[in-house]
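Please read the structure below before turning to the comments.
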Amino acid sequence: MLPKPVWLGLCLALVLSGAAQADDPFITVASTTSTKNSGLFDHLLPRFEDATGIAVRVLAVGTGQAIRLARNGDADVLLVHHKPSEQQFVADGYGVARLDVMYNDFVLVGPADDPARIGGMSDAPAALARLAAAAVPFLSRGDDSGTHKRELALWRAAGIEVGTVSGSWYREAGAGMGATLNTAAAMSAYALADRGTWLGFRNKADLTILVAGDQRLFNPYGVILVNPAKHPHVKAALGQRFVDWLVSPQGQAAIAEFRINGEPAFTPNAAPP
Amino acid sequence: MTAERSILPLELRQVGFSAGRKLLIKELSCTFSANSRSVIIGPNGAGKSLLLRLCHGLLAPSAGSIVWHGAAGREPSFYQAMVFQRPVMLRRSVAANINFALSLRRVPRGARPALIRDALKRTGLSRFARHQARVLSIGEQQRLALARSWALRPQVLFLDEPTASLDPSATHVIEEVIDAIHRAGTKVIMTTHDLGQARRLADEVLFLHRGRLLEMAPSEAFFAGPRNDLAQAFLRGELLWWQRRELTPP
Amino acid sequence: MTDFGSALAAAFSLVIHLDRDLGEIVLLSLRVSVIAVFVAALIGLPIGAAVALFRFPGRTVVAVILNALMGLPPVVVGLIVYLLLSRAGPFGVLGLLFTPTAMVIAQILLVTPIIAALTRQVIEDLWVEYEEQLRSLGAKPRRALATLLWDGRFSLLTAVLAGFGRASAEVGAVMIVGGNIDHVTRVMTTAIALEVSKGDLALALGLGIILVVLSIAVNGAAFVLKGTAERGQAR
């Protein structure tokens, strides 16, 4: 139906759009906004690339979406922070194995004047229960990310059914960490954030950390090579080198070295070789 | 071109045309033969433009048939051209407008410049060749429309009120060009509501009234005294409004 | 507002320092959008003109659908292209996901209906004026279509620019199918989204200002072009 010049143009355009695409070896890593936006990848990847000559393309999305991408075979390596989903991913045969890489923690942030008076508490579920009792605005990610899943677990631990109050004092942003923090800052709401994103976040307004240090706020990151048995095109050899490097002494040292505004953001915890 | 077969005569057999439930052309029969200049006259809304469009093939008759040299015609053929009441110029130069028409007739590229130059010269437009067609005055555009048709060397040229919106001197120029085209061997079929123009140009006159052909006669005979009384009234400028519409007098 | 001040400062400093990353992002944005609009015009112009010109059954339905598709949400287009290009999808073997080509494909889907719908309008109006003349000269439908596209070129330029505006301002689709990968698929809009998510509103706004300036530059260039070409030509 289309005349000849149109087809010629289409072919030309396809060639042009693909032109100048690097054909250096590269892998695709599906990860979370917390690792990307905190600047961790900008710190790690040049070191990895220097060591191996492999370029890394990072997809920074929520943990849930990262896992779905990997499940569809659209990434070679998965680096996320929700251990139960990661274990499920491996159990389903989509991942080769899950390895500990590092951890940091979640923090409960809120307005500095702290109307619910949770500042300094060390029991996260108890602090949440107090927020619910005071019915002060709380902004949830609401996006099926690792942070969101953890937040829901904490509400369950506090014995509060947030599903029924959604829309009143409990609000779901349905957005990434940064967007959620922007909104929380604008409406002086409480929110759960990962420390990495929080440290690098520039628009804190009057938000501040109120609760931290609870065991239940522990935030471990795991790395998984997508199973080439499920997706034959997965760059298993290159991906494996990235996994190996992350848990190697060099990789672990690089993670430990990383600072945001002078503060360490992640603690390496790979099993020693 | 002289060797080509003539598409004339043009025969209309019981032609009718209706839009919706309105019958706009009624049982019209006539024959146009080669060489003469046929001028269709009649009051506004008589159906003159419709009749030209039907003849040219832009409209299909809803009754009867239109026959070119024994063959029923449909779309405008290569041997016909038409100049509309309001000239339609493409958004390009004067020369390019003519070139466009020639290219549609598959005139070889090499033969076109000479035809374009000739057509522009005969219509007095040579100095405008490179101008944008749409900046010309209406009179000049009408001449360009004639030039565009002329360059095609049609056997039949239809003209729909070619001087309707022109001043007397522009009208004079157009009439000269029409005359020249006719003398070059083209059959001219045109409409006008200007009786003076009809007298000057017509070899034969057709008087159309409310979609009906009331009289068709050689020019001299018609202007000497039409047999039809409505045509007489029209010539005297006394065709009354209730005779134009289909109303009973008050 | 201090934010606007610092945004202007950020934009200014990015441009002054000829930030290399910024240059790369701007070039990729332009490359993706220009190619997408080019292809969309190749497809959309003839389709829009054909719908304007030809009577065929379902023509009105096609016209309505074209108009409706103009408002297609980019995220939906992104999702559809993702599902098609994903390794688990029908075109997964091509390995196009998270490449500029994927972004071009998504933008083509977004822009083609806009160009086609606006073209249909322009050509329909022009056809009313030209129809009898072109038929009288013996133009076949294909030739008539080409003539209308050529003679409507100045109005059609506006349709194409509208398409370009949509392509270059769109973030939802390119984010999903491009992945906003640094140095590979990061364009102006996804970079802005990223800075917003980092809370660096000033930098985001600064990038936004640069995007707006670019857009003005492209449109201005088109109008200058149109003006020169149109000079002395009545519309």
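Lettered A, B and C in written order, each chain numbered from 1.
Just so we're on the same page, a residue touches a chain if its C-beta (ideal position, glycine included) is under 8 Å from a C-beta of that chain, and two chains touch if they have at least 3 such contacts.
Predicted model only: the values in this text are computed from it and were never measured.
*Asks:* If we define chain centres by averaging CA atoms, which chain lands farthest from chain C? Would you check?
*Replies:* That would be chain B.
*Asks:* From the Cα centroids, identify the chain that ends up most central relative to all protein Cα atoms.
*Replies:* C
*Asks:* Let me have the rounded angstrom distance from the C-alpha centre of chain B over to the C-alpha centre of chain C, please.
*Replies:* Computed from C-alpha means, the inter-chain centre distance equals 47 Å.
*Asks:* Once you find the CA centre of chain A and the CA centre of chain B, what distance in Å lies between them?
*Replies:* Computed value for the inter-centroid distance: 78 Å.
*Asks:* Using mean C-alpha positions as chain centres, tell me how far chain A is from chain C in Å, no decimals.
*Replies:* 32
*Asks:* Can you check the complex and tell me which residues of chain B touch chain C?
*Replies:* 53, 56, 58, 75-78, 80-82, 84, 88, 90-92, 100-101, 104-105, 131-132, 134-135
*Asks:* Taking the touch rule as given, give the residues of chain C at its contact with chain B in the complex, in rising order.
*Replies:* 129-130, 132-133, 135-139, 143, 147, 151, 232-235
*Asks:* Under the touch definition given earlier, write down the residues of chain C that touch chain A in their complex.
*Replies:* Where chain C meets chain A, its residues are 31-32, 35, 38-39, 42-43, 46, 86-89, 92-93, 95, 97-101, 104, 179-182, 184, 194, 196-201.
*Asks:* Inside the complex, what are the residues of chain A that reach chain C?
*Replies:* It is residues 2-3, 5-6, 9-10, 13-14, 16-18, 21-22, 28, 33, 37, 42, 57-60, 71-74, 176-179, 181-182, 185, 200-204, 231, 233 of chain A that touch chain C.
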